[in-house]
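A, B, C, D and E label the chains in the order they appear, each numbered from 1.
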Amino acid sequence: MKKPRERLIEVLLALSAGLTVLTTGGILWILALETGHFFGQVPLRAFLTDTQWTPLFAEKHFGIWPLVAGTLLTTAVAVALALPLGLTIAVYFTEYASGRFRRAVQPLLEILASVPTVVYGFFALTVVTPGLQALIPGLAGFSALSAGLVMGVMILPIISSLSQDALAAVPQRLREASYALGATRLQTAFRVLVPAAASGITVAVILAVSRAVGETMIVAIAAGQEPRLTANPLVPIETLTTYIVQVSSGDVAYGTLEYNTIFAAGSTLFVLTLLLNNLGYWFRRRHQQQHE
Amino acid sequence: GQRADSMRIRLDGSSTVYPITEAVVEEYARVQPAARITVGVSGTGGGFQKFSRQEIDLANASRPISASEQRACRQARYAGLVVAYDGLAVVVNPANTWARTLTVAELKRIWEPAAQHRLTRWNQVRPEWPDAEIHLFGAGTASGTYDYFTQAIVGTAHASRGDYTASEDDNVLVQGVATDRLALGFFGFAYYAANRAALRLVAIDDERADNGAGPVAPSLATVENKTYAPLSRPLLLYVSGPAARRPVVQAFLRFYLAQAPRLAREVGYFPLPAAEVRRQQRRLAQFVALAGLPAPAAATTPPTP
Amino acid sequence: MPELEARHATVYYGTNRVLEDVSLTVAEHTVTAFIGPSGCGKSTFLRLFNRMNDFLPDFRLEGEIRLHDQNIYAPHTDVEELRKQVGMVFQQPNPFPKSVYDNVTYGLVLQGQRAKAVLDAAVEKALRQAALWDEVKDHLRKSALALSGGQQQRLCIARALAISPHTLLMDEPASALDPIATAKIEELVQELKQDYTILIVTHNMQQARRVSDKTAFFNFGRLIEYGDTPALFEQPQQEQTQHYLRGHFG
Amino acid sequence: MPELEARHATVYYGTNRVLEDVSLTVAEHTVTAFIGPSGCGKSTFLRLFNRMNDFLPDFRLEGEIRLHDQNIYAPHTDVEELRKQVGMVFQQPNPFPKSVYDNVTYGLVLQGQRAKAVLDAAVEKALRQAALWDEVKDHLRKSALALSGGQQQRLCIARALAISPHTLLMDEPASALDPIATAKIEELVQELKQDYTILIVTHNMQQARRVSDKTAFFNFGRLIEYGDTPALFEQPQQEQTQHYLRGHFG
Amino acid sequence: MSSAARNRLFDRAFRVLGLLATLVSLLLLAGFLVDILHAGLGRLSWAFLGGLPSRFPARAGIYTALLGTVWIGAITALVAVPVGIAAGVYLEEYGAKSRWAALIEINITNLAGVPSIIYGLLGLEVFVRFAHLGPSVLAAGCTLALLILPLLIVTTREALRAVPRPLREASYALGATRWQTTWHQVLPAAAGGILTGLILALARAVGETAPLVVIGVLAYVPFTPAGPLDEFSALPVQIFNWIDRPQKAFGPNAAAAILVLLGITFALNGGAIYLRNRWRRHGR
């Protein structure tokens, strides 16, 4: 028999835990509600097939692809920088560097992950963009390239440290098998270890991509505010997150179609990251099973 | 608390008017440190929406309140006061060597809805200009500047192309033009004035002789005598009836009107002539007196000056 | 000239001495077994011959290990080249998570061999030598992880043989296997002796007796006794060896 | 009426059966020892008497455990109340990271006792019973973690006694201690018998013989033999018991 | 060149490449810090820390933003800490087998990956609009509290899991209830770990910008909040604001404010690491 006081406490604790469910419920509810209003006025077809996004103008278009393209473009630039760099660092740390070097440098790299993103935005706008413009004459003042590169620096520690964990989890006996056949460290690393850790490295990349997709301030400051369907990283673009910031920082009246558009963009972003996170979760489970 | 609330004044609205208001509020804090004044930048349209819901006391506006916005207003009375003049600046990057002038017709061809995805290169404006992309930066759709510009240039308020960098935040536009050789943008004159080195004005020719012949650039003279047409306009501050009954607001508004000419010039706008300032001060006094009376049966207000 | 030789080999891990002054010579085409209680240093000693201990933190060797009368711990030794000559098979079967084929060709591919005909021939030869060919010849593209433990171990042997070493180090190669698979490995060792010099660590005294020509008994990091296998098992000279063989410790 | 009784107790962890149909009765003011090889289920059985297994995931009991003829696994049993009556001492001394005083008073304070005089008296009484008073009486405010292992274990006994249980469960209470501390604990058990019913798990057969009145021998989750200690040790009835006592396994 | 020689060469080359990659990353970090120090250090002064916002860059300070951040941090902690710890305790000490706990578990994993701007939308709709809190300190604090809750719960659980089982058993064996055991033994023993997690979570919250922008911050707030329902400015928002200004003269202000913000986040992170090490060494 439970004493009433104990019972009460347990209920309170369970309710606290339940608040997280309520949070998810709240997110799903508001996104569904406002996005529902949005689709009450805009056909899903237009949302998915139109190639222009101009919901605030007289001639309205509601194609989400320009924003999605902007998001993916900055993310691609970020990953293109962070993946090779991060993987190289991970291999170097696990297979080449001394323990002392690693212990000294690792925390410094982790600092990169704890820097507030608005600070990265400043860096992108005041240092990286002018620097790149000196190298690339046609580069606009806002560009996916500049924002993406800085975002790459931001996600670098995610990729490098999670990849290190994955590489370290590869059993020592595979390393020894390779060395015993006359392989060099490099050959062992890239022919045995990286393939064996592939699913773990994939998790790292997926989580990093998820972070990049949801990242807001860097792109809001440095990537531009012009929705356009392009793969050219040299011109201003607009991401899903930037659109939300842009519209919500100028006040849009509650209940209007314009207001609903930020939730439509938010829902798209939410679905995108949810898919990525669950993909990552799935890969991680597979990775854990592989190394049991 | 109660006391803090009675000292509170909430402002929002136009980003064009923001620099003047910011300056006035900052100066006012020296005279009356107890006042707690906040200023938002939602654009003229966004400001009027909050104004009509009575979420704010004063609305900055770079165009008069529209008929539909008037209907939405909950309060029976409000008034708009002119605080300064603006000459809407059309600007390019200093590295742009070709676009020194533009005609209104050319501007229309650039900005009208039909131009979307069609007019994308400089040589489509004038054949002798470079065959290079044109990057457009302009006010966002919630802004008075956008309404004013589309009305004056395209001929219909709220009609323009949508494929340009549109922001309520003029700073984004300034930065965009300042860092892009192929850019063309427009915004309130103050934002040009604060960044003269990074931008270059384009003179505008409305092709009407009665308004000064040839291309005209905005300046104190051309804005005051209205030859910088059609892009000269008044900047306004709307005050709601309930707010006007509060002494804190009255004191602040009196300070605002008195300081507006000096501070408008300081931030880069064109000050009202002294006579006009006195006229606005009289209107304020009238409105304050009227605001104390019971609301009239029909919701009428002194319209724009 | 002996094929392999240890001269006053003393090994430390940090400050911990795990081998002390071990000297011994191994002739070509013989099987030498290392026996002794757990932790006595058998594995450490075996791994000296292909410098597999180099990666262990704080490993330090005094003395010399010689292969064909060359000190393999001399500076400028080409360690990768050494490991191609001295193959190794481990206690736990450790195939790569790749196909059977790719496992066997791994060493050759590392050396730059790309010709399919050459690789095909090498695979067949190595798998035949490891007595695995008949069982896997139709599944060369299957993952090596799908094989049984005994098959995996023979695959590891084939993988080692494919790069044509002359010496084979085996560290308890059958201890993770069932009796039938163990018997197969033992048989294999007997056959490989024709072509290779074999050093084998085992904790199973009967196994040592069955497969080896010479046996070395270690205890507490010292080589206690070393001699022909039958002699060592029947007339051990040292008291420690006698105790150990009678099962008094270990 | 027996103080404690197990009736056909069968325990599962998930699908794994670790106790099978164990029945036994324990009389008041006796010491009963549970012996048997590692993993035979002694601890599991002991912990049934204060429902300490309840927290283990997938624990399931069939049968009954009775205290004063009440099934303590009946629904609506007040488990906390039960545990106040049936104290427990663990293998590893586990004092709280608090002062000696706070350790001993912990149980009383939980019950709402705040009066300093009462607590002071309880502390002295319990520490005296646990034969620790003289050693710690001047350091009651010192951290319990500063005591030696043997002192810690006696503190844990004092802590258990402070809430006046009538039964004491001891799970290898001396196995982490040195011989001198062990002797002290054994002596203590003998004394506590005057006032408490004691169940003690031990892997040390000599200890069981020295301290207990009755002994229960477990093997593979079954109660093999249960009887008076001298009889069980001198004339075991079961073959398994004989083997175990002779050291053939375990 | 023989293939063996080539392989060895590549191996050496990669050693250099790996070192280079590491150094490049560190140089980026260093260059970045040096750049900000260079740009901002000159502006950093007591007057800057105590100054009100102004249209004159040289006169503008971060006093209101700094206090806004302190307010928001305090409210975030006030809301998130009890809830986060309670939820962690429930999942770790109580919910072992229940389906409810399993649901919450999956849910937290997913929440942890939701972009912060989505929390902004949630805050906008729920706190600003529905609860009529407006863009107030309270709305911001609640929004950020929800944002860090998953992180807090995860770290709390880790800390609880590290508490040894014998400690719990000792308490239960003395007739303690679950809650008594949790309160008197488990939570004190886990306090160091929980505190570490809390500080890390707060460091994260203090640097968040996007959710605040979405719930609607004002451009100009020349006073500090007097209560939880007041409007606010916050350090990251002030930085965003200054970065956004095209006048070059505001750049040093942004950089100086960044130095302050970095100072706060690094101090919090460093403090957390210090605590964790100390706790690992002395704690149980």
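Note that in this section a residue touches a chain if its C-beta (ideal position, glycine included) is under 8 Å from a C-beta of that chain, and two chains touch if they have at least 3 such contacts.
What you see is a predicted model; the values in this text were computed from it and never measured.
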{"item": "Where chain A and chain D overlap in contact partners, by chain label", "value": "E"}
{"item": "Most widely separated chain from chain C, with each centre as the mean of CA atoms", "value": "B"}
{"item": "Centroid-based (C-alpha) most distant chain relative to chain A", "value": "D"}
{"item": "Chain centre separation (chain B, chain C; CA means) in Å", "value": "85"}
{"item": "Centre-to-centre distance between chain E and chain A (centres being mean Cα positions), rounded to whole Å", "value": "18"}
{"item": "Chain centre separation in whole Å, for chain B relative to chain A (CA means)", "value": "38"}
{"item": "Gap in Å, rounded to a whole number, between the CA centres of chain E and chain D", "value": "48"}
{"item": "Residues of chain C touching at least two other chains", "value": "80-81, 110-111"}
{"item": "Residue list for chain A, restricted to those that touch at least two other chains", "value": "3, 125, 184, 187, 249, 251"}
{"item": "Numbers and ranges of chain E residues touching at least 2 other chains", "value": "7-8, 177, 216, 244"}
{"item": "Residue ranges of chain B in contact with chain A within the complex", "value": "12, 40-43, 46-47, 49-50, 113, 116-117, 135, 140-143, 156, 158-169, 172, 175-176, 178-180, 182-183"}
{"item": "Chain C partner contacts - residues on chain A that touch it in the complex", "value": "99, 171, 173-184, 187, 191-192, 195-196"}
{"item": "Partner chain B, residues of chain A touching it in the complex", "value": "52, 54, 56-61, 125, 129, 133, 140-142, 224-228, 235-236, 246, 249-253, 258"}
{"item": "Chain E contact footprint on chain B (complex, rising order)", "value": "1, 4, 12, 18-19, 22-23, 25-26, 29, 36-41, 55, 169, 171-172, 174-175, 178, 191, 194-195, 198, 267"}
{"item": "Residues of chain D that touch chain E when the two form their complex", "value": "50, 52, 55, 57, 80-81, 83-84, 87-88, 90, 92, 94-97, 106-107, 110-111, 156, 159-160, 163"}
